[in-house]
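So, here's a batch of structures to check.
What follows is chain A paired twice: with chain B in the first complex and chain C in the second.
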Partner chain A sequence: MRVDIKGFTKPLVESLVAIVIGILVGAIILAFSGYSPAEAYIALFNGALGSKYGLAMTLSSATPIILTALTFGIGARTGLFNIGGEGTVYFGAIMAIILTNLWGNVLMGLFGGILAGMAWMAIPAILKVLRGVNEVVSTIMLNWMAYFIALYIVLQKIPNPEDPNKTLAVPVSARFPIIMKGTELSWAFAISVIAALITYYILWHTELGYELRVSGYNERAARYGGINPKKAIIWSFLLGGIMSGLAGATEVMGRPPSYAISQGMANIYGYGFDGIGVSLVGRNHPLGIIFSGIFFGMLRAGATSMQIEAGVPLEMVKVVQGVIVVTIAIPGLLDLLKKVVRR
Partner chain B sequence: MIEAVISTLIGALTAMVPLVLTSVGATVSERAGVVNIGYEGIILMSAFFGAIFAEITGNPWIGLIGGAFVGMLLGMLHGFITVYLKGDHVIPGIGVNLLALGVVAFGITAYWGTAGQHQVPTNVRVAPIINTPYGSLSPMVLITIAIAILTHWVLFRTPLGLRIRAVGENPEAADALGINVERYRFLATVYGAMLAGLGGAFMSVDWLGTVTKQLSAGRGFIALANMVFSGWNPLRALLGGFIFGFFDNLSVWVRTNPEIQRIVPWQFVATLPYLVTLIIVAGIIGKVRPPKADGKPYKRE
Partner chain C sequence: MEEVPIIEMKGIVKVYPDGTKALKGVDFSVKKGEIHGLLGENGAGKTTLMKILSGMLHPTGGKIFVNGKEVRFKSPADALANGIGMVHQHFTLVDVFDGLHNIILGMEGHGLFSKIDVEKAKEKLQKLMDELNFQVPLDVPVEKLPVGVQQRIEILKTLYRDVDVLILDEPTAVLTPIEVKELFEVLRKLKSQGKTIIFISHKLREVMEITDRVTVLRKGELIGTVNTRETTPKELAKMMVGREVVLKIEKPPKEAGKPVLEVKDLWVKGDRGEDAVKGLTFEVRAGEIFGIAGVEGNGQTELIEAISGLRKVEKGKVILNGKDITGRPPRELYDLGMAHIPEDRIHMGLVIEMSVAENSILGLHWRKAFRGPLGLIRWDKVKEHAAKLVRDFEVSVPSIEAPAKSLSGGNQQKLIVAREVSKEPEFIIASQPTRGVDVASTEYIRNYLIKLRNENKAVLLVSADLDEVLQLSDRMAIIYEGKFVGIVKPEEVTEEQIGLMMGGIKNES
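And now, the complex of A and B:
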């Protein structure tokens, strides 16, 4: 297998530049809000990278967002803006809890995540194929519906009789083993990486993947080449659904201490949105997504130390994420920077 | 009975404001050929900054103008990327939406020191012009209706409107006639984002009187759906906004009504605005036609 180094360099540099700009703009906002940027970033990077514990937290935080990023990435490679990862995560987590409580093993949990993910993502797929509904609008509407429906299920259908603040927990027999004792890092992380590698294999080394990418690149050309774009759309949504469904499942099966969904779904909320940023920074490429997922996982892991040690609200890292994505959206970023520097 | 009708009417008219403003703004932007899916984030950030402007100055109207101003700035960012740098129209919007989630969640804690939610004091909220025992009507409702009608008139009855529609329908021809395609597209984008910003500030300094990190709650996208529903027509967007506003208001109302909650869980009613949006969008696709060059960057040959 030949790897095209030159083709990788430019997007890589662009992503790195966007990250640097995100961190710089974040520093300005921190200073403007009366915090010390240096203190905040030192606490953040130290917390995420300065110890074995921090590194483990970085990887465990990367686990769900690599998976939700694959949802967006697969969509983007097929010419779709699939924003529906967020809602799919909820149902993946719920189904994993239900199935593992019926049959207490890891495979049933993963199966539950996959099943729920495919079922929920089938809705925007059908709306798109049959009615031509724009997937951005449909997936956002479905995210909000998912939020309220999941909230209902969490509160009313699978509450924990011993602890009103969370749902039933995944039984011990269906939990991922912890890799490093005393941390939140479990073998669920391996599921994320494997899912990214499988996605890469499917997209670039199978007939189906070829069809998905061609119809994403140019629908008319795809049709001319005998590829049915509707089939590509359906597969793109279903594969994407599997990834976000798995994100929800692995989160409740592999993240101590609760192994359940907390009140108001606070512990599974927001992964879908974060995944979009991860995917864009990873250039919607499964292998890029692994690395950018670890980077965003680092931000998430370091955010807590930043809050404790520098007193900065942990949402600050989401500001940095937002700036990074806006920067990524600027075309010809490098040429633009060169022009500015030359002046 | 009459009370219920009046209160429903007022509720729908109020809930309609951010939806109609955003839909009308988005209509102008897309008529000129620029797609923006960042209205959700614009509404959220304008609600946040609008409340700050209102509290600093003690004047809710400055809060509204401040919100519109924040919308303008975000519109300029979008216009710069899409019109002048010929970038993708969807990704900057995703970026703005993600940015808003961070800025507002961070800002509420950093600025007010409360986690997740801030109540805007009553004295810096817009005073209603009509008070009934069943609810009160904000002057913003009338302003919104006026903006929709005025925008419609400009878009379809003036040379300016013709030029806006020309750059979104056939930029090559418009360019050949000496119309500055980029400038019209840029200004239309800024106008659209400004109206969304006004709608966002309305939510915090008028209607709900609160700032939360989930305040926009999908309204930026419901407004886009309403724009499609209206066939890119501001007057029909006004009507559509009223229908969407009705369901929006209904779900807010049911959440505070224990008797109905005993029959239907509030979470199910809360899904209504989104479900209705999906059904309407699925029902009308194919019957409306977007502007021909909508979302396509224009590069001079």
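And now, the complex of A and C:
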């Protein structure tokens, strides 16, 4: 099908304007804090885009957040405010480690991520369908539960006997090949892009996707149209679960051999939350999410050089990033709020 | 000497963001104290013109004068400040608020930080209602009120803001004849108080009865303004359509066949848990139009929803072609040959954010014709289908990719009707099938329902428009408080008798 250009231009322009505003506000904050905004931004963009290495870092940072953004995006497009991606990532990563250590190949790892993601997201789905529990409440609580359960597994069940600071790593035979030597960019990035494309296809080109979108817009019209909104809710959660599960799996399978979940899970923490921002900036559209995911990846990748070259402390980098994210996310949030209020 | 018109719009142009030229330079002028009718086919631009006058939309070009002074409205509040208020085609009340709070909502001095002087507001409203003899309950959440009453609240809400010019966009579409009469009395009273009223309707009879002058639009252009006394319905129809219109409904006599739908001792609850349908029993036969007349809110909605699988049946049975379908989901019913034109087009019949093409397959999207391998939808086939619906029913759309919300009210309705009959049903529920539809299309839809009947299909018609029920039905039931007051043949009763029955009074003859 021809891509509907008209429908895309307005959100695209809005998101671009927001990016510019975000960068400007960030500049003002930098200036007030006594740094040179120009220097800082040059360092950031240079670090993220100025070299092959930077580019590779950008794309590898984009990989997990594109996937977690898809979780939120699928939810938003189908009438759910699903913020359970965060907890799902942990289990995707853990399950991928366990299965690849039993059967050392890539498919088992991906399968583990998918399986864990679906299983964990089935919980808020069932709660909503059977008991009418609001998904915002359930997914927030489940994120906390996931954190402590995962922490327990990481510390007690799959520690690395040789390095107590880490879990077992995914065996080399089950890792994604690195695309560019010396960087962390692996073919896992392709998985995230393919997942986004498949999501687009499912939502806009299949009967299931049609039913999911109709339910998302208008539950009464869905019922009238012969659609079972409960079925739609369950599918939306499961598809979302797959994406965040994959985010965890590709993370532990993608990065170079010594990589594994660290003791406090700091290295896989936060992807689910970042994904919300990525999705909003991408207007909850899978294709938009690819681009906004890369943009966010760029911010992450550039942060280090901003710190090194412009002397901006990492905290400041985070503030600037936060401002950009919030500004960019505002149009998306407004859209969503309008919808939620109307409900 | 010519007196200055209270409203003067000059050369109004409106181009919507998607490029649709809704108004192409329209002049429109209204005299103080008159009731001015605004006529035109679906999509002619009536709502657009009035939204501009009431500050909801900004014109692309043209000027607006109020009492000879040029104005520029940035928002509806600006228009209100100039004494202009509008009651919309689709209501804008907050469902869970009661009448009083809906009316004072958003008024200056009732903001977040100022204390709401509810007592004073109530007093003022009561006075207004007494003057007009136009009562509504103020303390009931509006979602629990019948549409006719909701509309009164909308009107009071506008009047409460002290408007001089009241714009009513198709106010009678949702009303029964008696309610229309009552509304007209209020309008006459308002006129005698010196208010100016702009009245949009597709019903020529109403326009002839209530208006002083009439302006006709066609495809975004002004055709002319005439004095009502000097014109005829025929001439108005010709102005609207651009050619002589011969409107007639032909309904040859026909013997009804076997029962297609059987309803047995059906009990259904309403949203508040009250019994809304109380033990109804009837059948709709092949080759028959079975009509249900009644004041809205007497159980029609619940009855239809129960039959069409959208609402729980408490007790009793629904049988379609001999098969018990009680409690079965809509999808199964559609596969068994049911189609349903729902009364609520915005919230049920359409997904207004989605395109015309996407809406054209709602409820038949699983059919083989649209299905490719792997559960893919064949959008090429869907578009062909949508294009055909639009062509056959002359639905005027910017494009089939345009969202349904960019269609005019009547065109939305036509799209739904077109889609439902495209299901080639054995049994069709037509609930308010011509609500908001223009004269020509109304006749088309009515003739189509008769055609279905002639092809031996069964039609269940529910309508607040008594003429429609009388004209189309082979048999008709009058519903009152969830029960049938009687089942009659239209030719065997007078309108007066039906009027009484609609009030719950049984025929003694």
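For the reader, a short list of remarks on this structure follows.
To be clear about the criterion, the second predicted complex is superposed on the first by the 310 of 343 C-alpha atoms of A that agree within 3 Å, B and C clash if a C-alpha of one lies under 4 Å from a C-alpha of the other, contacts with A are read in each partner's own complex, and residues count from 1 in each chain.
One rule holds in what follows: contacts are C-beta pairs under 8 Å (C-beta built on N, C-alpha and C of every residue); 3 or more make two chains touch, one makes a residue touch a chain.
What you see is a predicted model, and the numbers here were worked out from it, not measured in a lab.
When the two complexes are overlaid on their common chain A, residue A:Gly226 makes contact with chain C while staying clear of chain B. Look at A:His205: by the touch rule set out above, it reaches chain C but stays clear of chain B. Contacts of A:Ala266 after superposition on the shared chain: neither chain B nor chain C is touched. Of the two partner chains, chain C is the only one that A:Val214 touches; chain B does not reach it. Looking at the superposed arrangement, the partner reaching more residues of chain A, out of chain B and chain C, is B. When the two complexes are overlaid on their common chain A, residue A:Leu16 makes contact with neither chain B nor chain C.
Using the contact criterion defined above for the overlaid structures, shared-chain residue A:Leu197 touches neither chain B nor chain C, since it reaches no partner.
In the overlay built on the shared chain, the residue A:Ala31 is in contact with neither chain B nor chain C. Under the contact criterion defined above, no residue of chain A touches both chain B in one complex and chain C in the other. On chain C, the positions that touch chain A within their shared complex are 18, 308, 310, 329-331, 334, 340, 342, 344, 347-354, 358, 361-363, 365-366, 371, 374-377, 379-380, 401.
If you check the complex, the residues on chain A that touch chain B are 29, 33-35, 81, 83, 127, 131-134, 136-138, 140-145, 148-149, 151-152, 156, 270, 273, 276-277, 280, 313, 315-323, 325-332, 336.
The residues of chain B lying in touch with chain A in their complex are 37, 40, 77, 81, 85-88, 90-92, 94-103, 105-106, 109-111, 213, 217-218, 221-222, 224-225, 228, 265, 267-268, 270-271, 274-275, 277-278, 281-283, 285-286. Against chain C, the residues of chain A that register as touching in their complex are 1, 4, 6-7, 201, 205-208, 210-211, 213-214, 217-218, 220-221, 223-228.
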